[in-house]
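For reference, the structures are reproduced in the following blocks.
Presented sequentially are two complexes of chain A, the first with chain B as partner and the second with chain C.
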Partner chain A sequence: MRLEKCWFCSSTVYPGHGIQFVRNDAKIFRFCRSKCHKNFKMKRNPRKVKWTKAYRRLHGKDMTQDSTFEFERKRNRPERYDRNLAEDVLKAIPKIDKIRVSREEKHHKNRMKGNKAKLLKEAVKELEQGISLVKAPSVLEKDPSLTLPKIKVQVSQQQAEENHPMEE
Partner chain B sequence: MGGKCPHRSVKKRRYSHKTARRTKFLVKGDDMVYDELKKPDEERKALPLDEDLPGMGQYYCLHCDRYFPNVAVRDDHFKTKRHKKRVKQMMGPAPHTQLDAELAAGMGMPDNGPKLMSI
Partner chain C sequence: MRTVLKVVDNSGAKKVMCIQALKGKKGARLGDTIVASVKEAHPNGKVKKGKVVYGVVVRAAMQRGRCDGSEVKFDDNAVVLVDKQGLPIGTRVFGPVPHELRMKKHVKILTLAGHIA
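So, the complex of A and B:
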(Lines of atoms letter the chains of each structure in order from A and count residues from 1; the text may use other names and numbers.)
(Lines give C-alpha, C1' and ligand atoms only; values in the text may rest on other atoms or scores of the structure.)
Protein backbone atom coordinates (compact mmCIF):
# COMPACT_ATOMS: atom_id res chain seq x y z
CA MET A 1 0.00 0.00 0.00
CA ARG A 2 1.57 3.25 -1.06
CA LEU A 3 0.53 6.44 0.68
CA GLU A 4 0.84 9.28 -1.77
CA LYS A 5 1.19 12.96 -1.00
CA CYS A 6 -1.23 15.57 -2.24
CA TRP A 7 0.29 17.78 -4.95
CA PHE A 8 -1.20 20.93 -3.51
CA CYS A 9 -1.21 20.66 0.28
CA SER A 10 1.25 17.78 0.81
CA SER A 11 -1.09 15.84 3.06
CA THR A 12 -1.24 12.06 2.85
CA VAL A 13 -3.64 10.56 0.32
CA TYR A 14 -4.90 7.16 1.42
CA PRO A 15 -6.10 4.60 -1.13
CA GLY A 16 -9.65 5.30 -2.21
CA HIS A 17 -9.45 8.96 -1.30
CA GLY A 18 -9.06 12.09 -3.37
CA ILE A 19 -8.73 12.39 -7.10
CA GLN A 20 -5.89 12.26 -9.55
CA PHE A 21 -5.34 14.15 -12.75
CA VAL A 22 -3.10 12.73 -15.47
CA ARG A 23 -1.96 15.38 -17.90
CA ASN A 24 -1.41 14.54 -21.53
CA ASP A 25 2.34 14.36 -20.94
CA ALA A 26 1.68 11.51 -18.45
CA LYS A 27 2.47 13.61 -15.39
CA ILE A 28 0.33 12.63 -12.41
CA PHE A 29 -1.20 15.16 -10.05
CA ARG A 30 -2.81 13.74 -6.93
CA PHE A 31 -5.19 15.69 -4.73
CA CYS A 32 -6.38 14.77 -1.26
CA ARG A 33 -9.78 16.48 -1.54
CA SER A 34 -11.79 18.69 -3.84
CA LYS A 35 -10.45 21.80 -2.13
CA CYS A 36 -6.96 21.06 -3.39
CA HIS A 37 -8.22 20.00 -6.80
CA LYS A 38 -10.16 23.23 -7.22
CA ASN A 39 -7.20 25.30 -6.15
CA PHE A 40 -5.09 23.52 -8.74
CA LYS A 41 -7.71 24.18 -11.42
CA MET A 42 -7.60 27.83 -10.48
CA LYS A 43 -3.86 27.64 -11.22
CA ARG A 44 -2.93 28.77 -7.75
CA ASN A 45 0.64 28.42 -6.62
CA PRO A 46 0.88 26.27 -3.46
CA ARG A 47 3.88 28.32 -2.38
CA LYS A 48 1.65 31.37 -2.14
CA VAL A 49 -1.34 29.77 -0.43
CA LYS A 50 -0.92 30.05 3.30
CA TRP A 51 -2.52 26.82 4.44
CA THR A 52 -0.30 24.50 2.40
CA LYS A 53 2.76 22.73 3.73
CA ALA A 54 4.85 24.20 0.91
CA TYR A 55 4.09 27.72 2.12
CA ARG A 56 4.71 26.88 5.76
CA ARG A 57 8.03 25.28 4.94
CA LEU A 58 9.15 28.14 2.75
CA HIS A 59 8.32 30.79 5.34
CA GLY A 60 9.91 29.06 8.32
CA LYS A 61 6.65 28.18 10.04
CA ASP A 62 7.50 24.49 10.17
CA MET A 63 10.72 22.66 10.87
CA THR A 64 12.71 22.21 7.67
CA GLN A 65 16.03 20.54 8.36
CA ASP A 66 15.78 17.47 10.51
CA SER A 67 17.17 13.96 10.56
CA THR A 68 13.70 12.51 11.26
CA PHE A 69 12.68 13.42 7.71
CA GLU A 70 15.08 10.86 6.30
CA PHE A 71 12.92 7.87 7.17
CA GLU A 72 9.83 8.41 5.08
CA ARG A 73 10.86 8.21 1.45
CA LYS A 74 9.53 7.06 -1.83
CA ARG A 75 11.38 3.80 -2.40
CA ASN A 76 11.39 2.86 -6.04
CA ARG A 77 12.86 -0.58 -5.58
CA PRO A 78 11.61 -3.95 -4.41
CA GLU A 79 12.32 -4.91 -0.83
CA ARG A 80 12.62 -8.56 0.15
CA TYR A 81 10.35 -9.31 3.10
CA ASP A 82 12.23 -9.92 6.32
CA ARG A 83 10.24 -10.67 9.45
CA ASN A 84 12.86 -9.38 11.87
CA LEU A 85 13.33 -6.18 9.93
CA ALA A 86 9.59 -5.58 9.79
CA GLU A 87 9.37 -6.04 13.56
CA ASP A 88 12.22 -3.62 14.17
CA VAL A 89 10.64 -1.04 11.90
CA LEU A 90 7.32 -1.32 13.70
CA LYS A 91 9.09 -0.81 17.00
CA ALA A 92 11.03 2.18 15.71
CA ILE A 93 8.04 4.03 14.25
CA PRO A 94 6.53 5.30 17.53
CA LYS A 95 9.96 6.25 18.87
CA ILE A 96 10.83 8.31 15.82
CA ASP A 97 7.40 9.86 15.86
CA LYS A 98 7.85 10.92 19.46
CA ILE A 99 11.20 12.52 18.71
CA ARG A 100 9.79 14.38 15.73
CA VAL A 101 6.83 15.71 17.67
CA SER A 102 9.03 16.96 20.49
CA ARG A 103 11.35 18.66 18.04
CA GLU A 104 8.43 20.28 16.29
CA GLU A 105 7.15 21.57 19.61
CA LYS A 106 10.57 22.99 20.33
CA HIS A 107 10.64 24.69 16.96
CA HIS A 108 7.22 26.21 17.58
CA LYS A 109 8.26 27.40 21.01
CA ASN A 110 11.37 28.99 19.56
CA ARG A 111 9.33 30.71 16.90
CA MET A 112 6.91 32.17 19.44
CA LYS A 113 9.68 33.32 21.77
CA GLY A 114 9.44 37.08 21.50
CA ASN A 115 5.66 37.16 21.20
CA LYS A 116 4.71 37.74 24.82
CA ALA A 117 7.03 40.70 25.29
CA LYS A 118 5.82 42.17 22.02
CA LEU A 119 2.17 41.86 23.00
CA LEU A 120 2.86 43.44 26.38
CA LYS A 121 4.68 46.31 24.76
CA GLU A 122 1.81 46.91 22.35
CA ALA A 123 -0.70 46.81 25.19
CA VAL A 124 1.29 49.37 27.19
CA LYS A 125 1.46 51.64 24.20
CA GLU A 126 -2.25 51.37 23.56
CA LEU A 127 -2.97 52.12 27.19
CA GLU A 128 -0.75 55.17 27.18
CA GLN A 129 -2.36 56.48 24.04
CA GLY A 130 -5.93 55.63 24.92
CA ILE A 131 -6.14 56.32 28.65
CA SER A 132 -7.91 59.60 27.89
CA LEU A 133 -10.86 57.58 26.54
CA VAL A 134 -11.41 55.99 29.96
CA LYS A 135 -10.53 58.94 32.18
CA ALA A 136 -10.41 62.53 31.12
CA PRO A 137 -6.93 64.03 31.49
CA SER A 138 -8.15 66.60 34.02
CA VAL A 139 -9.65 63.88 36.27
CA LEU A 140 -6.45 61.89 36.01
CA GLU A 141 -4.48 64.92 37.19
CA LYS A 142 -6.76 65.47 40.21
CA ASP A 143 -6.84 61.85 41.32
CA PRO A 144 -3.30 60.52 41.74
CA SER A 145 -4.57 57.03 42.57
CA LEU A 146 -5.28 56.50 38.90
CA THR A 147 -1.63 56.13 38.04
CA LEU A 148 -0.63 54.17 34.99
CA PRO A 149 0.99 51.06 36.46
CA LYS A 150 -2.09 50.12 38.49
CA ILE A 151 -4.38 50.05 35.46
CA LYS A 152 -1.67 48.79 33.19
CA VAL A 153 -1.54 45.37 34.79
CA GLN A 154 -5.29 44.84 34.46
CA VAL A 155 -5.58 45.92 30.86
CA SER A 156 -2.48 44.11 29.70
CA GLN A 157 -3.86 40.88 31.14
CA GLN A 158 -7.11 41.40 29.30
CA GLN A 159 -5.19 42.15 26.14
CA ALA A 160 -3.16 39.00 26.45
CA GLU A 161 -6.31 36.94 26.83
CA GLU A 162 -7.97 38.60 23.88
CA ASN A 163 -5.02 38.02 21.63
CA HIS A 164 -4.50 34.43 22.64
CA PRO A 165 -6.32 32.76 19.75
CA MET A 166 -4.34 34.88 17.30
CA GLU A 167 -1.11 33.22 18.35
CA GLU A 168 -1.92 29.90 16.84
CA MET B 1 -8.04 37.04 -25.31
CA GLY B 2 -11.72 37.70 -24.94
CA GLY B 3 -14.24 39.25 -27.25
CA LYS B 4 -16.23 42.37 -26.68
CA CYS B 5 -19.53 42.78 -24.90
CA PRO B 6 -20.43 46.27 -26.13
CA HIS B 7 -23.30 46.88 -23.73
CA ARG B 8 -21.25 47.06 -20.58
CA SER B 9 -20.29 50.53 -19.53
CA VAL B 10 -17.33 49.68 -17.34
CA LYS B 11 -14.31 49.10 -19.53
CA LYS B 12 -12.90 46.23 -17.48
CA ARG B 13 -16.13 44.29 -17.61
CA ARG B 14 -16.67 44.92 -21.32
CA TYR B 15 -14.59 41.89 -22.24
CA SER B 16 -15.89 38.37 -22.18
CA HIS B 17 -13.56 35.85 -20.60
CA LYS B 18 -15.37 32.85 -21.99
CA THR B 19 -12.70 31.89 -24.49
CA ALA B 20 -9.98 32.19 -21.91
CA ARG B 21 -11.85 29.83 -19.66
CA ARG B 22 -12.56 27.41 -22.49
CA THR B 23 -8.93 27.19 -23.52
CA LYS B 24 -7.58 27.08 -19.99
CA PHE B 25 -6.62 23.43 -20.20
CA LEU B 26 -5.41 23.57 -23.77
CA VAL B 27 -2.46 25.72 -22.85
CA LYS B 28 0.64 24.12 -21.46
CA GLY B 29 1.23 23.96 -17.74
CA ASP B 30 3.74 26.29 -16.12
CA ASP B 31 6.25 23.53 -15.49
CA MET B 32 6.16 22.39 -19.13
CA VAL B 33 6.85 25.91 -20.37
CA TYR B 34 9.58 26.31 -17.77
CA ASP B 35 11.31 23.12 -18.89
CA GLU B 36 11.02 24.17 -22.51
CA LEU B 37 12.62 27.52 -21.75
CA LYS B 38 15.43 25.84 -19.84
CA LYS B 39 16.50 23.89 -22.90
CA PRO B 40 19.40 25.28 -24.94
CA ASP B 41 18.49 26.86 -28.26
CA GLU B 42 19.89 24.01 -30.39
CA GLU B 43 17.51 21.46 -28.89
CA ARG B 44 14.41 23.41 -29.81
CA LYS B 45 12.85 22.14 -32.96
CA ALA B 46 11.96 24.43 -35.81
CA LEU B 47 8.24 25.18 -35.87
CA PRO B 48 6.47 22.73 -38.16
CA LEU B 49 3.97 23.97 -40.71
CA ASP B 50 0.45 23.40 -39.45
CA GLU B 51 -2.43 24.74 -41.46
CA ASP B 52 -4.87 24.49 -38.56
CA LEU B 53 -2.95 27.01 -36.48
CA PRO B 54 -2.93 30.77 -37.01
CA GLY B 55 -0.18 31.82 -39.41
CA MET B 56 0.58 28.15 -40.23
CA GLY B 57 1.99 27.85 -36.71
CA GLN B 58 5.07 29.89 -37.55
CA TYR B 59 4.69 32.77 -35.11
CA TYR B 60 4.80 31.33 -31.66
CA CYS B 61 5.31 32.77 -28.21
CA LEU B 62 7.13 30.25 -26.09
CA HIS B 63 6.35 31.90 -22.76
CA CYS B 64 2.60 32.18 -23.26
CA ASP B 65 2.17 29.11 -25.52
CA ARG B 66 0.30 31.07 -28.18
CA TYR B 67 0.32 31.22 -31.96
CA PHE B 68 -0.06 34.42 -33.94
CA PRO B 69 -1.08 35.09 -37.55
CA ASN B 70 1.98 37.19 -38.41
CA VAL B 71 5.14 38.79 -37.09
CA ALA B 72 3.56 42.16 -36.40
CA VAL B 73 0.88 40.71 -34.16
CA ARG B 74 3.42 38.63 -32.35
CA ASP B 75 5.67 41.59 -31.75
CA ASP B 76 2.66 43.50 -30.46
CA HIS B 77 2.06 40.64 -28.08
CA PHE B 78 5.63 40.87 -26.82
CA LYS B 79 4.87 44.40 -25.72
CA THR B 80 1.80 43.49 -23.68
CA LYS B 81 1.63 43.47 -19.92
CA ARG B 82 0.43 39.89 -19.82
CA HIS B 83 3.47 38.68 -21.75
CA LYS B 84 5.90 40.68 -19.66
CA LYS B 85 4.36 39.32 -16.47
CA ARG B 86 4.69 35.83 -17.82
CA VAL B 87 8.35 36.35 -18.75
CA LYS B 88 9.05 37.62 -15.27
CA GLN B 89 7.31 34.64 -13.74
CA MET B 90 9.34 32.24 -15.86
CA MET B 91 12.59 33.94 -14.88
CA GLY B 92 11.80 33.21 -11.24
CA PRO B 93 12.06 29.97 -9.25
CA ALA B 94 10.98 26.67 -10.77
CA PRO B 95 7.26 25.86 -10.57
CA HIS B 96 5.92 23.62 -7.81
CA THR B 97 6.24 19.90 -8.46
CA GLN B 98 5.21 16.66 -6.83
CA LEU B 99 8.75 16.33 -5.46
CA ASP B 100 8.43 19.72 -3.74
CA ALA B 101 5.14 18.61 -2.24
CA GLU B 102 6.73 15.44 -0.89
CA LEU B 103 9.70 17.28 0.56
CA ALA B 104 7.35 19.74 2.24
CA ALA B 105 5.42 16.84 3.72
CA GLY B 106 8.57 15.72 5.54
CA MET B 107 9.73 13.02 3.15
CA GLY B 108 13.32 12.53 2.08
CA MET B 109 14.59 12.38 -1.49
CA PRO B 110 13.31 9.35 -3.41
CA ASP B 111 15.37 6.23 -2.97
CA ASN B 112 15.96 4.53 -6.29
CA GLY B 113 18.39 1.93 -5.01
CA PRO B 114 21.87 1.28 -6.34
CA LYS B 115 22.48 1.76 -10.03
CA LEU B 116 22.27 -1.55 -11.79
CA MET B 117 24.45 -0.73 -14.77
CA SER B 118 27.59 1.37 -14.78
CA ILE B 119 27.54 4.31 -17.18
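So, the complex of A and C:
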Protein backbone atom coordinates (compact mmCIF):
# COMPACT_ATOMS: atom_id res chain seq x y z
CA MET A 1 0.00 0.00 0.00
CA ARG A 2 1.35 3.38 -1.00
CA LEU A 3 1.29 6.23 1.48
CA GLU A 4 1.00 9.46 -0.46
CA LYS A 5 2.16 12.90 0.64
CA CYS A 6 -0.20 15.79 1.21
CA TRP A 7 0.11 18.37 -1.57
CA PHE A 8 -0.03 21.29 0.84
CA CYS A 9 1.83 20.33 4.01
CA SER A 10 3.80 17.30 2.72
CA SER A 11 2.69 15.10 5.59
CA THR A 12 1.74 11.50 4.96
CA VAL A 13 -1.83 10.78 3.87
CA TYR A 14 -2.84 7.51 5.47
CA PRO A 15 -5.48 5.31 3.81
CA GLY A 16 -9.00 6.50 4.51
CA HIS A 17 -7.93 10.00 5.41
CA GLY A 18 -8.34 13.29 3.61
CA ILE A 19 -9.73 14.22 0.24
CA GLN A 20 -8.34 14.26 -3.24
CA PHE A 21 -9.13 16.78 -5.90
CA VAL A 22 -8.75 15.86 -9.57
CA ARG A 23 -8.20 18.79 -11.89
CA ASN A 24 -9.49 18.63 -15.46
CA ASP A 25 -5.97 18.01 -16.76
CA ALA A 26 -5.95 14.85 -14.58
CA LYS A 27 -3.50 16.22 -12.00
CA ILE A 28 -4.35 14.81 -8.59
CA PHE A 29 -4.04 16.96 -5.47
CA ARG A 30 -4.14 14.96 -2.25
CA PHE A 31 -4.83 16.59 1.08
CA CYS A 32 -4.30 15.06 4.50
CA ARG A 33 -7.10 17.01 6.22
CA SER A 34 -9.64 19.75 5.64
CA LYS A 35 -7.17 22.38 6.89
CA CYS A 36 -4.89 21.72 3.92
CA HIS A 37 -7.83 21.47 1.52
CA LYS A 38 -9.22 24.81 2.69
CA ASN A 39 -5.84 26.48 2.33
CA PHE A 40 -5.62 25.11 -1.20
CA LYS A 41 -9.08 26.48 -1.99
CA MET A 42 -7.96 29.87 -0.70
CA LYS A 43 -5.18 29.64 -3.33
CA ARG A 44 -2.45 29.93 -0.73
CA ASN A 45 1.07 29.07 -1.71
CA PRO A 46 2.50 26.37 0.59
CA ARG A 47 5.91 27.99 0.27
CA LYS A 48 4.57 31.10 1.94
CA VAL A 49 2.61 29.43 4.74
CA LYS A 50 4.85 29.01 7.75
CA TRP A 51 3.63 25.66 9.10
CA THR A 52 4.17 23.67 5.90
CA LYS A 53 7.14 21.51 5.14
CA ALA A 54 7.76 23.44 1.92
CA TYR A 55 8.23 26.68 3.85
CA ARG A 56 10.51 25.11 6.44
CA ARG A 57 12.69 23.54 3.77
CA LEU A 58 12.85 26.72 1.75
CA HIS A 59 13.93 28.79 4.74
CA GLY A 60 16.56 26.39 6.05
CA LYS A 61 14.56 25.38 9.13
CA ASP A 62 14.67 21.68 8.29
CA MET A 63 17.32 19.39 6.99
CA THR A 64 16.98 19.23 3.20
CA GLN A 65 19.84 17.19 1.87
CA ASP A 66 20.55 13.94 3.59
CA SER A 67 21.25 10.40 2.53
CA THR A 68 18.52 9.10 4.85
CA PHE A 69 15.87 10.69 2.63
CA GLU A 70 16.98 8.49 -0.24
CA PHE A 71 15.35 5.47 1.40
CA GLU A 72 11.90 7.02 1.52
CA ARG A 73 11.38 7.81 -2.13
CA LYS A 74 8.67 7.22 -4.67
CA ARG A 75 9.64 4.31 -6.88
CA ASN A 76 7.60 3.56 -9.94
CA ARG A 77 9.06 0.12 -10.52
CA PRO A 78 7.61 -2.53 -8.23
CA GLU A 79 10.16 -4.62 -6.38
CA ARG A 80 9.95 -8.37 -6.84
CA TYR A 81 9.10 -10.00 -3.52
CA ASP A 82 12.00 -11.65 -1.79
CA ARG A 83 11.68 -12.95 1.74
CA ASN A 84 15.25 -12.15 2.76
CA LEU A 85 15.07 -8.69 1.28
CA ALA A 86 11.81 -7.92 3.07
CA GLU A 87 13.34 -9.07 6.35
CA ASP A 88 16.38 -6.88 5.85
CA VAL A 89 14.22 -3.87 5.00
CA LEU A 90 12.12 -4.35 8.12
CA LYS A 91 15.27 -4.53 10.19
CA ALA A 92 16.74 -1.44 8.57
CA ILE A 93 13.73 0.82 9.01
CA PRO A 94 14.18 1.58 12.74
CA LYS A 95 17.89 2.02 12.28
CA ILE A 96 17.47 4.53 9.47
CA ASP A 97 14.82 6.30 11.51
CA LYS A 98 17.17 6.63 14.44
CA ILE A 99 19.95 8.04 12.28
CA ARG A 100 17.60 10.53 10.67
CA VAL A 101 16.28 11.77 14.01
CA SER A 102 19.76 12.23 15.42
CA ARG A 103 20.86 14.12 12.32
CA GLU A 104 17.80 16.33 12.52
CA GLU A 105 18.60 17.10 16.15
CA LYS A 106 22.13 18.01 15.17
CA HIS A 107 20.81 20.29 12.44
CA HIS A 108 18.51 22.00 14.93
CA LYS A 109 21.33 22.43 17.41
CA ASN A 110 23.53 23.96 14.73
CA ARG A 111 20.77 26.31 13.73
CA MET A 112 20.25 27.49 17.32
CA LYS A 113 23.95 27.95 18.04
CA GLY A 114 24.27 31.73 18.41
CA ASN A 115 20.91 32.17 20.06
CA LYS A 116 21.87 31.94 23.73
CA ALA A 117 24.39 34.79 23.68
CA LYS A 118 21.95 36.89 21.69
CA LEU A 119 19.15 36.29 24.18
CA LEU A 120 21.41 37.13 27.11
CA LYS A 121 22.49 40.38 25.49
CA GLU A 122 18.89 41.37 24.83
CA ALA A 123 17.89 40.58 28.41
CA VAL A 124 20.69 42.71 29.87
CA LYS A 125 19.70 45.60 27.67
CA GLU A 126 16.06 45.34 28.63
CA LEU A 127 16.95 45.23 32.31
CA GLU A 128 19.05 48.34 32.00
CA GLN A 129 16.33 50.26 30.20
CA GLY A 130 13.37 49.08 32.23
CA ILE A 131 14.72 48.81 35.77
CA SER A 132 12.38 51.63 36.87
CA LEU A 133 9.41 49.38 36.05
CA VAL A 134 10.58 46.78 38.54
CA LYS A 135 11.89 49.09 41.26
CA ALA A 136 10.41 52.54 41.88
CA PRO A 137 12.99 55.36 41.58
CA SER A 138 12.37 56.38 45.22
CA VAL A 139 13.38 52.95 46.45
CA LEU A 140 16.52 53.08 44.37
CA GLU A 141 17.46 56.39 46.03
CA LYS A 142 17.13 54.90 49.51
CA ASP A 143 19.20 51.82 48.73
CA PRO A 144 22.18 52.74 46.60
CA SER A 145 23.21 49.10 46.18
CA LEU A 146 20.28 48.55 43.78
CA THR A 147 21.35 51.19 41.29
CA LEU A 148 24.20 51.04 38.90
CA PRO A 149 27.33 52.86 40.16
CA LYS A 150 27.28 56.57 39.38
CA ILE A 151 29.90 57.93 37.08
CA LYS A 152 31.02 61.47 37.71
CA VAL A 153 31.39 63.62 34.65
CA GLN A 154 32.98 67.03 34.76
CA VAL A 155 30.78 69.78 33.38
CA SER A 156 32.20 73.13 32.45
CA GLN A 157 30.83 76.19 34.32
CA GLN A 158 29.75 78.14 31.29
CA GLN A 159 26.02 77.57 31.75
CA ALA A 160 25.89 79.24 35.16
CA GLU A 161 27.44 82.44 33.83
CA GLU A 162 24.89 82.71 31.07
CA ASN A 163 21.99 82.64 33.51
CA HIS A 164 23.07 85.81 35.36
CA PRO A 165 21.48 88.39 33.06
CA MET A 166 18.02 86.90 33.57
CA GLU A 167 17.97 87.78 37.26
CA GLU A 168 18.32 91.53 36.75
CA MET B 1 -32.74 17.72 -11.68
CA ARG B 2 -32.15 20.73 -13.95
CA THR B 3 -28.38 20.55 -13.58
CA VAL B 4 -26.65 21.42 -16.84
CA LEU B 5 -23.73 19.05 -17.40
CA LYS B 6 -20.89 19.10 -19.86
CA VAL B 7 -20.75 16.18 -22.30
CA VAL B 8 -17.20 14.81 -22.51
CA ASP B 9 -17.44 12.42 -25.44
CA ASN B 10 -17.78 12.77 -29.21
CA SER B 11 -21.46 11.87 -29.42
CA GLY B 12 -22.29 15.34 -30.74
CA ALA B 13 -24.03 16.82 -27.69
CA LYS B 14 -22.30 19.67 -25.88
CA LYS B 15 -24.52 20.31 -22.90
CA VAL B 16 -27.33 18.27 -21.38
CA MET B 17 -29.77 19.03 -18.60
CA CYS B 18 -30.53 16.37 -16.03
CA ILE B 19 -34.24 15.59 -15.93
CA GLN B 20 -34.16 12.45 -13.80
CA ALA B 21 -31.70 10.51 -11.68
CA LEU B 22 -32.30 6.83 -12.24
CA LYS B 23 -31.51 5.81 -8.67
CA GLY B 24 -32.47 7.59 -5.49
CA LYS B 25 -34.60 10.65 -4.99
CA LYS B 26 -31.81 12.97 -3.87
CA GLY B 27 -30.29 13.46 -7.30
CA ALA B 28 -27.36 11.86 -9.04
CA ARG B 29 -23.83 11.53 -7.66
CA LEU B 30 -20.54 10.57 -9.23
CA GLY B 31 -21.01 7.36 -11.21
CA ASP B 32 -24.82 7.45 -11.26
CA THR B 33 -26.89 7.20 -14.41
CA ILE B 34 -29.23 10.04 -15.34
CA VAL B 35 -31.85 10.83 -17.93
CA ALA B 36 -31.09 14.11 -19.63
CA SER B 37 -32.31 16.41 -22.36
CA VAL B 38 -29.82 17.72 -24.89
CA LYS B 39 -29.60 21.50 -24.65
CA GLU B 40 -26.71 22.21 -26.97
CA ALA B 41 -25.33 20.04 -29.75
CA HIS B 42 -22.88 20.13 -32.61
CA PRO B 43 -24.64 20.61 -35.99
CA ASN B 44 -23.75 17.21 -37.43
CA GLY B 45 -23.35 14.84 -34.53
CA LYS B 46 -25.08 11.59 -33.65
CA VAL B 47 -27.23 13.28 -31.00
CA LYS B 48 -29.54 16.16 -31.85
CA LYS B 49 -30.74 19.02 -29.69
CA GLY B 50 -33.96 18.34 -27.79
CA LYS B 51 -33.48 14.55 -27.61
CA VAL B 52 -33.85 12.67 -24.33
CA VAL B 53 -30.73 10.62 -23.62
CA TYR B 54 -29.14 8.52 -20.89
CA GLY B 55 -25.80 9.50 -19.39
CA VAL B 56 -23.30 8.43 -16.75
CA VAL B 57 -21.91 11.12 -14.43
CA VAL B 58 -18.14 10.72 -14.82
CA ARG B 59 -17.07 13.90 -13.00
CA ALA B 60 -18.78 15.76 -10.17
CA ALA B 61 -17.66 18.80 -8.24
CA MET B 62 -19.30 17.37 -5.13
CA GLN B 63 -17.07 15.00 -3.24
CA ARG B 64 -17.90 11.32 -3.10
CA GLY B 65 -16.65 8.84 -0.54
CA ARG B 66 -14.32 6.12 -1.72
CA CYS B 67 -14.33 2.57 -0.47
CA ASP B 68 -11.37 3.27 1.86
CA GLY B 69 -13.09 6.26 3.49
CA SER B 70 -11.26 9.06 1.72
CA GLU B 71 -13.04 11.34 -0.71
CA VAL B 72 -12.63 12.42 -4.30
CA LYS B 73 -13.90 15.48 -6.12
CA PHE B 74 -13.48 16.95 -9.58
CA ASP B 75 -13.35 20.32 -11.27
CA ASP B 76 -16.72 20.22 -13.05
CA ASN B 77 -19.88 18.19 -13.65
CA ALA B 78 -19.61 16.03 -16.72
CA VAL B 79 -21.43 13.08 -18.33
CA VAL B 80 -20.77 10.49 -20.97
CA LEU B 81 -23.85 9.66 -23.00
CA VAL B 82 -24.85 6.00 -23.07
CA ASP B 83 -27.71 3.98 -24.52
CA LYS B 84 -30.21 2.05 -22.47
CA GLN B 85 -27.89 -0.95 -22.21
CA GLY B 86 -25.13 1.24 -20.79
CA LEU B 87 -22.80 1.26 -23.81
CA PRO B 88 -21.34 4.66 -24.72
CA ILE B 89 -22.77 6.39 -27.80
CA GLY B 90 -19.50 8.18 -28.64
CA THR B 91 -16.15 6.55 -29.33
CA ARG B 92 -13.90 8.76 -27.20
CA VAL B 93 -13.92 10.06 -23.64
CA PHE B 94 -12.08 13.25 -22.69
CA GLY B 95 -10.50 14.11 -19.37
CA PRO B 96 -10.11 12.06 -16.16
CA VAL B 97 -12.75 9.59 -14.95
CA PRO B 98 -12.94 7.87 -11.56
CA HIS B 99 -12.14 4.18 -11.19
CA GLU B 100 -15.43 3.70 -9.34
CA LEU B 101 -17.09 3.28 -12.76
CA ARG B 102 -15.76 -0.26 -12.75
CA MET B 103 -17.98 -1.09 -9.81
CA LYS B 104 -20.93 0.37 -11.71
CA LYS B 105 -20.12 -1.92 -14.68
CA HIS B 106 -19.10 0.86 -17.05
CA VAL B 107 -15.84 -0.76 -18.07
CA LYS B 108 -16.24 0.43 -21.66
CA ILE B 109 -16.03 4.08 -20.54
CA LEU B 110 -12.92 3.28 -18.50
CA THR B 111 -11.19 1.74 -21.51
CA LEU B 112 -11.98 4.76 -23.66
CA ALA B 113 -10.78 7.24 -21.04
CA GLY B 114 -7.26 8.60 -21.16
CA HIS B 115 -6.81 9.22 -17.45
CA ILE B 116 -8.23 7.26 -14.58
CA ALA B 117 -8.19 8.96 -11.17
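Quick note on the criterion: the second predicted complex is superposed on the first by the 134 of 168 C-alpha atoms of A that agree within 3 Å, B and C clash if a C-alpha of one lies under 4 Å from a C-alpha of the other, contacts with A are read in each partner's own complex, and residues count from 1 in each chain.
Rule of thumb we're sticking to: contacts are C-beta pairs under 8 Å (C-beta built on N, C-alpha and C of every residue); 3 or more make two chains touch, one makes a residue touch a chain.
These numbers come from a predicted model, not from an experiment.
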| item | value |
| --- | --- |
| Three-chain arrangement built on chain A, chain B and chain C clash or fit | fit |
| Touching partner for A:45 - first (chain B), second (chain C), both, neither | first |
| Touching partner for A:132 - first (chain B), second (chain C), both, neither | neither |
| Touching partner for A:53 - first (chain B), second (chain C), both, neither | first |
| Touched partner set for A:102, first chain B, second chain C, both or neither | neither |
| Which of chain B and chain C A:34 touches, first, second, both or neither | neither |
| Chain B versus chain C as contact partner of A:23, first or second or both or neither | both |
| Contacts of A:71 with chain B and chain C, given as first, second, both or neither | first |
| Touched partner set for A:6, first chain B, second chain C, both or neither | first |
| Which superposed partner A:15 touches (first chain B, second chain C, both, neither) | second |
| In the superposition, chain B vs chain C on chain A residues touched | B |
| Least Cα gap, in Å, left between chain B and chain C after the two complexes are fitted on chain A | 7 |
| Intersection of the chain A residues that touch chain B with those that touch chain C | 23, 28 |
| For the chain A and chain C complex, residues of the former touching the latter | 13, 15-24, 26, 28 |
| Residue numbers on chain B that touch chain A, as the complex places them | 24, 29-32, 95-96, 98, 100-113 |
| Chain B contact footprint on chain A (complex, rising order) | 5-12, 23, 25, 27-30, 43, 45-47, 52-54, 56-57, 68-77, 100 |
| Touch list for chain C against partner chain A, complex | 59, 63, 68-76, 95-96, 98, 114-115, 117 |
